[in-house]
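Every chain is named by a letter (A, B, C and D) in the order it is written, and numbering of its residues begins at 1.
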Amino acid sequence: MSFPLLTVVAAVPAAGAVATAALPAARRTAAKWLALLVSVVTFALALVVAFRFDPGSKSPYQFTESHAWISDFGVRYALGVDGIAVALIALTTLLIPFIILAGWHDADPLEEAAPNRRWRPTQGFFALILAVEAMVVISFEATDVFVFYLFFEAMLIPMYFLIGGFGDRAGGEDEDGAARRRSNAAVKFLLYNLAGGLIMLAAVIGLYAVTADQLGSGTFSLQQIVEARAAGRLHIGTGTERLLFLGFFFAFAVKAPLWPLHTWLPGAMGESTSPVAVLITAVVDKVGTFAMLRFCLQLFPEASSWATPVILVLALISVLYGALLAVAQRDIKRLIAYASISHFGFIILGIFAMTSQGQGGATLYMVNHGISTAALMLVAGFLISRRGSRLIADYGGVQKVAPILAGTFLIGGLATLSLPGLAPFVSEFLVLVGTFSRYPVIGIIATLGIVLAALYVLVLYQRTMTGPVKPQVSGLPDLRVRELVVVAPLIALLLFLGVYPKPLTDLVNPAVDHTLSVVDKKDPKPTVQVDAVPGGGRHGHAVREQDVEAAK
Amino acid sequence: MENLIALLVAAPLVGAALLLCGGKRLDRTGHLIGTLFSVASFALGVVLFADMLGKGAGDRALHQQLFTWIPVGGFRADIAFQLDQLSMTFVLLITGVGSLIHIYSIGYMEHDERRRRFFGYLNLFLAAMLLLVLADNYLLLYAGWEGVGLASYLLIGFWQHKPSAATAAKKAFLVNRVGDMGLSIAIMLMFTTFGTFAFGPVFAATDRAGQGTLTALGLLLLLGACGKSAQVPLQSWLGDAMEGPTPVSALIHAATMVTAGVYLITRSGAIFNAAPTAQLAVVVVGAVTLLFGAIVGCAKDDIKKALAGSTMSQIGYMILAAGLGPIGYAFAIMHLVTHGFFKAGLFLGAGSVMHGMNDEVDMRRYGGLRKYMPVTFITFGLGYLAIIGFPGLSGFFSKDKIIEAAFARGGTEGWILGGAALLGAAITAFYMTRVMLMTFFGEKRWDPAEVHPHESPKVMTLPMIVLAFGSVFAGGLFSINEAFVKWLEPVTSFAHGHSPVSATTVTAATMVVLVIGVGIAWGMYGRKPVPALAPRGSLLTRAARRDLLQDDFNHVVFVRGGQELTGTLVQLDRSVVDGAVNGTAAAMGGLSGLLRQLQTGFVRSYAVQMLGGAAVLVAATLLMRGV
Amino acid sequence: MTALAAASSLTSTGEAVQFWILGTVAVAGALCTILMRRAVHSALSLAGTMIVLAVFYLANGAYFLGVVQIVVYTGAIMMLFLFVVMLVGVTAADSLKETLKGQRWLAAGLGIGFGVLLIAGIGNASLKEFNGLGEANAGGNVQGLAALIFTKYVFAFEITGALLITAAVGAMVLTHRERTERARTQREQSEARVREGKQVPPLPAPGVYARHNAVDIPGLLPDGTTAELSVSPTLRERGQVRDVSGESLAELKALERRSEDWLGRSTGDEAAEPPPGGPAPREHKEGAKK
Amino acid sequence: MNPVYYLYLAALLFTIGAAGVLIRRNAIVVFMCIELMLNACNLAFVTFSRMHGNLDGQIIAFFTMVVAAAEVVVGLAIIVSIFRTRHTASVDDASLMKL
């Protein structure tokens, strides 16, 4: 048994969370620095994983650990990562330090709050963030359905407190009203996800029953089930498989969130502080889409292809629906939330297009969307914390007084509308191509999304940043150093991955191919066979002959 | 040599990066840095051009492969450049005119505190535009395509404190995005059809693709071209784009970016040649636009908007020519280059006029300016003569060829297209003469008290003079034993059209309509004084002033409709989708309320329930026993 | 005795006859138990049913149980019931009017359905085997039970013992009321009465003359109406007060008439024999003379 | 005659008792009905013991009696104390379970 690297990656933030929470009330700054340190260490460990990961290796999962846990139910503490998981773990651990930095002052107790030895909001805030990180990481690593389910659900607890407990102080005048809306949003988030989780639990038990019935001893191990299925030892009846698939998919669709199940997201993102909003949309929701890719498709291939048309239509709806609603929003954060819904539609579209471009693009999309939304949302958060309002109408002409803030905001927005040269373009185009190559009509309709994206981003930018300077805005300071430290690396990363995404694609491609092989789908072949290699020069002649004979 | 290609793009990119990230310490020298990088890029272009001239016509195409951009499954996009004669032409035009306009902007933007940023954007634009014309595959071209869109967005909205500017910028970007949609779908279609979207393989394989696919490809590419080149029906943004600083209008919205559509169609010649239906669509769009733009140009009193209309119409000519296939490509590009010269010159002239008139754009407040700004007058006049196709000047050669080619398409189409082109020439003559007369001739219609017209500084007039030279001689040089056509032939191929009417006849007809147009204009604006306030004018005039009601149509259909749609969707989201969720919650509450009713607290009702449960149990056991 | 004879063997016709007769009685008793308005009657009919059941036990060879049934149940438990009934009020009849809505229908429906289910279950059960208690009771029924109780079921037996003790203690705890404060002396009570100013003299005794001395007959006031205070409040609560004021007045009249005849006030002949109850009137007359 | 008839009788008595519990309001009568049900069970036990030819059924019946006795003692005690405090023996008046 080699060094349990994956466990450590998850254990470090967990321990950090406990340590942070244990600090006494007076040591707020110490708690912040401790949390930051822990998250950075975690990121370093994740980088170790990423670099020691060998994309070329035959086995689908690497760094595997497996220990018997609840032997009566065949539950094993089994971890292992493929390229997709590595990418997403890297994203998560990368974003957490920025989230912590961005939320540096979000949880400071209010001035008028009487000093209380047991009242430690700051410690709680950062401890909860670290706890979420630990759970997210381990649910990316889990190859045992039960372990995954456990942390997939446990994630809700810290998230609930993060949403319900710490609002941005943009509520301003009515603190009580803000608190009420916050707790409503938190409860809604919790109930939605719990409902999904319970249905999934039923499906998990059903899966166990099926395996126990057919393999003799029931198991939750993803690998075992996939292998048994491949070896023909496991035949899940069509009806059963579809039910189980729906059970799993429902939970993931709530988390993702897919169209009719999305209504918790705007509230949750709108009411929570912007770092928490980033945590929700850029980190936690990714678990949903990731799980579709890893569990839904690999456990239930037939059912997945059976459900594909409906899911594609739903994803298409959320692409356009989210974009259209984003256009109509009056609240900056809600606008970004609806934009995220649209983007998650793209991700799911790519996953269920069942082409290597689609799924590779979807995976890239998860990473890129995480980074771009983080950039946009955090800058928006800085803006909101300055002005103390989330309403777009309260801004105007910020570009004049805070050019750097406006510039970063614009870049974040351009990334959101997936401008070529920025990372999201690569993934979005891949998703569209992947979808188009199998379902042309859906691909074309989805392309409308890029126009709508331009609409809501530019409208937001125009209303907030341009135009005559509003009096309330005139005093806004520009980005501070801490905030620049948060935003600049994200933007740099967006540019880098937009021009040179190869490291990411190399990481992801084998995993995607493995998934497709499990689902047993091939990319559609081009209708016309092309002899020349792409980029081969000297085609002038060919063109000339063509044209001449065409002209005659 | 080919390793230099990347530098072409890199130079302005570095400049942009420097200027945009450099911060305040570059404020004083920013404009010089920007100009330097653009000139450097131009110099590189010249070097490459010389090298290219040194080779045989067949193997002039250079190719540079940098690295693989997006490798996923069968999908492979490279960062790779290709420099052939077509690209070369554009490179020289872009960097040349670009550098001139950089120089001009030094003077024009002198008093703007955000000049550094302005030059950064200009460099960014150059980089994107060069990427566009140097890309060797459609995806990279698309990247440049959107890049210029971004640059134009930033530059149109450069004076962001003006809401009108911000709105115009947003509009430009959005309308372009609609076109980009066409282009991106075209790329997807290419990928699914050919498995690649690099120029070489795609063009080599066109003959093996189905007619339907090719037509679809052609139409999608045309949609993209319409967006970028402001062709009907996506032309509405160009007029508003004049909100940007005048050098921007000259560079982006006259000389280079708006001609990207022409480049796209010419570059994709192989596809269009194989898809006659698509070609027909192209020529129709071109013909319609050249008349549309011309008519709009006649009615505008804003000098820049009038010029914008004329740009639209001239690009219509190019598109028309490009749509004619091998008989037109070369002339389309030729007209593009000459137009680049004289239209840029005209815009710079307009800019210089505004510079002298406190940024007044209404021509009805001009008049008799030729004495106050002679250089501007002369350069502008030369540009004017060039655009109306005065014999011997650039416009004459290029436009004449296009009209000829239009007739040469043959059949009724030929006659219609040729007629349209001729009519367009007449209208061009009319509105350009109108602009000329209202600006430089007639009596002053401005108040000497507050306006003190003066000639612009050297740094501004110099580029105008250079461009004037270009607009006078370029056409002639190109036409010396068809030098330009031969130069482009390896790429675009060339076929002599067989026109039903002889070249001389066409030339004569052009002259006649030219004289007619000028005459009418002189009759209307030369002889009698121009009213300082616009007369109500005929229905057509009023419609033309409102861009032939295009914007109103868009507003009613898309803006209003969109607002309605989103409004209803918001309601729907709140009431139906979320309502369903909350409804479920409420239903749960009600249900538990009902169950609560069973809890009466009376022992005997509990006893009833117990007995019921017992009965159920007994029944269950009996059923289990299979009774 | 026929039952005893038939018990150990296969069921005889005699037992059948006995079953049908006594079974009817048992069912009738049960029905009376639940239908009688007065608790006492219910208790009595239940006792009847139980005795019948005892007989059935005997008939089924459960001699010990039969006896226990009679002694413990009908003897002890039912008496306990009766005690409580007396305590609560022997003649108090609770109305059969239903207060809970639909309770009666539910009860009837459920009861019938449940019964049908049970009977259907029994009918469908395969209860073909029938081997009497011949050898089981060979060593005597009581011995057999004893053997089982003290070997196989000894723990259950012990636990039931504990249960019984607990029950007894519990019953005591429940019913016994602990006196928290010192009992008030007679003096204090009287003082309290005077202070409250109610009923200072002792309560009037029940009964009229010496002829009625039952506690449930109120005494009569001079005007012949009844004195409510003279009967115990419990009886009054239960409405078990017998009003005899009417007849006692009538008797008074009759007495006066007789005495006047005897004095011959109206048309009295001196030579009339005095009635047997002579002396008393005479004294009365003398008393009247004084 | 088949001793199964005893079982039918038991079932009938049991049902009657159950109905009584549901119908009557007087706590004492309710208790009587419960006793009736218990006795019905006893009858069934005894019959079974006879049918199966062993005494276990009788033992169970015996225990039932004991438990029933205990239950009656406690139950009646409860009734008495309730009557003392509330001056009624009706189960409907004791609806304190619902507050």
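Here are some notes:
We take it that contacts are C-beta pairs under 8 Å (C-beta built on N, C-alpha and C of every residue); 3 or more make two chains touch, one makes a residue touch a chain.
Here the structure is a predicted model, which means the values were calculated and not measured.
Across the two interfaces under comparison, B-D and B-C, the one joined by more C-beta contacts turns out to be B-C.
Relative to the C-alpha centre of subunit C, the farthest chain centre belongs to B. Central chain (C-alpha centroid nearest the global protein C-alpha centroid): A.
If you average the Cα atoms of subunit B and of subunit D, the two centres end up 96 Å apart. Separation between the centroids of subunit B and subunit C, computed from CA atoms only, is 110 Å. If each chain is reduced to the centroid of its CA atoms, subunit C and subunit D end up 19 Å from each other.
Inter-chain centre distance (subunit A to subunit D, centres taken as mean C-alpha positions): 65 Å. Residue positions 600, 602, 604, 608, 611 of subunit B each touch two or more of the other chains. Shown for subunit C are the residues that touch two or more other chains, namely 100, 103, 106-107, 110-111, 114, 118.
All chain pairs in contact, by the document's touch criterion: A-B, B-C, B-D, C-D.
Contact residues on subunit A toward subunit B in their complex (touch as defined above): 188, 191-192, 260, 262-263, 321, 324-325, 327-328, 355-357, 360-361, 397, 399-400, 407, 414, 419-421, 425-426, 429-430, 432-433, 436-437, 440, 443-444, 447-448, 450-451, 454-455, 458-459, 462, 465-469, 499-502, 505-506, 508-509, 512-513, 523-544, 546-548, 550-552. Those residues of subunit C that touch subunit B in the shared complex are 100, 103, 106-107, 110-111, 113-114, 117-118, 120-121, 124. For subunit B in complex with subunit A, the touching residues are 20, 58-59, 61-63, 65, 67-76, 78-80, 82, 84, 136-137, 139, 142-143, 145-147, 150, 153, 157, 160-161, 163, 165-167, 169-170, 173-174, 177-178, 180-181, 184-185, 187-189, 191-196, 198-210, 213, 269-270, 273-274, 325-327, 489-493, 495, 562, 565-567, 569-570, 573, 577-578, 580-581, 585.
The touching residues of subunit D, when paired with subunit B in their complex, are 18, 21-22, 25, 91-92, 94-99. Those residues of subunit B lying in contact with subunit D across their complex are 599-604, 606-608, 611.
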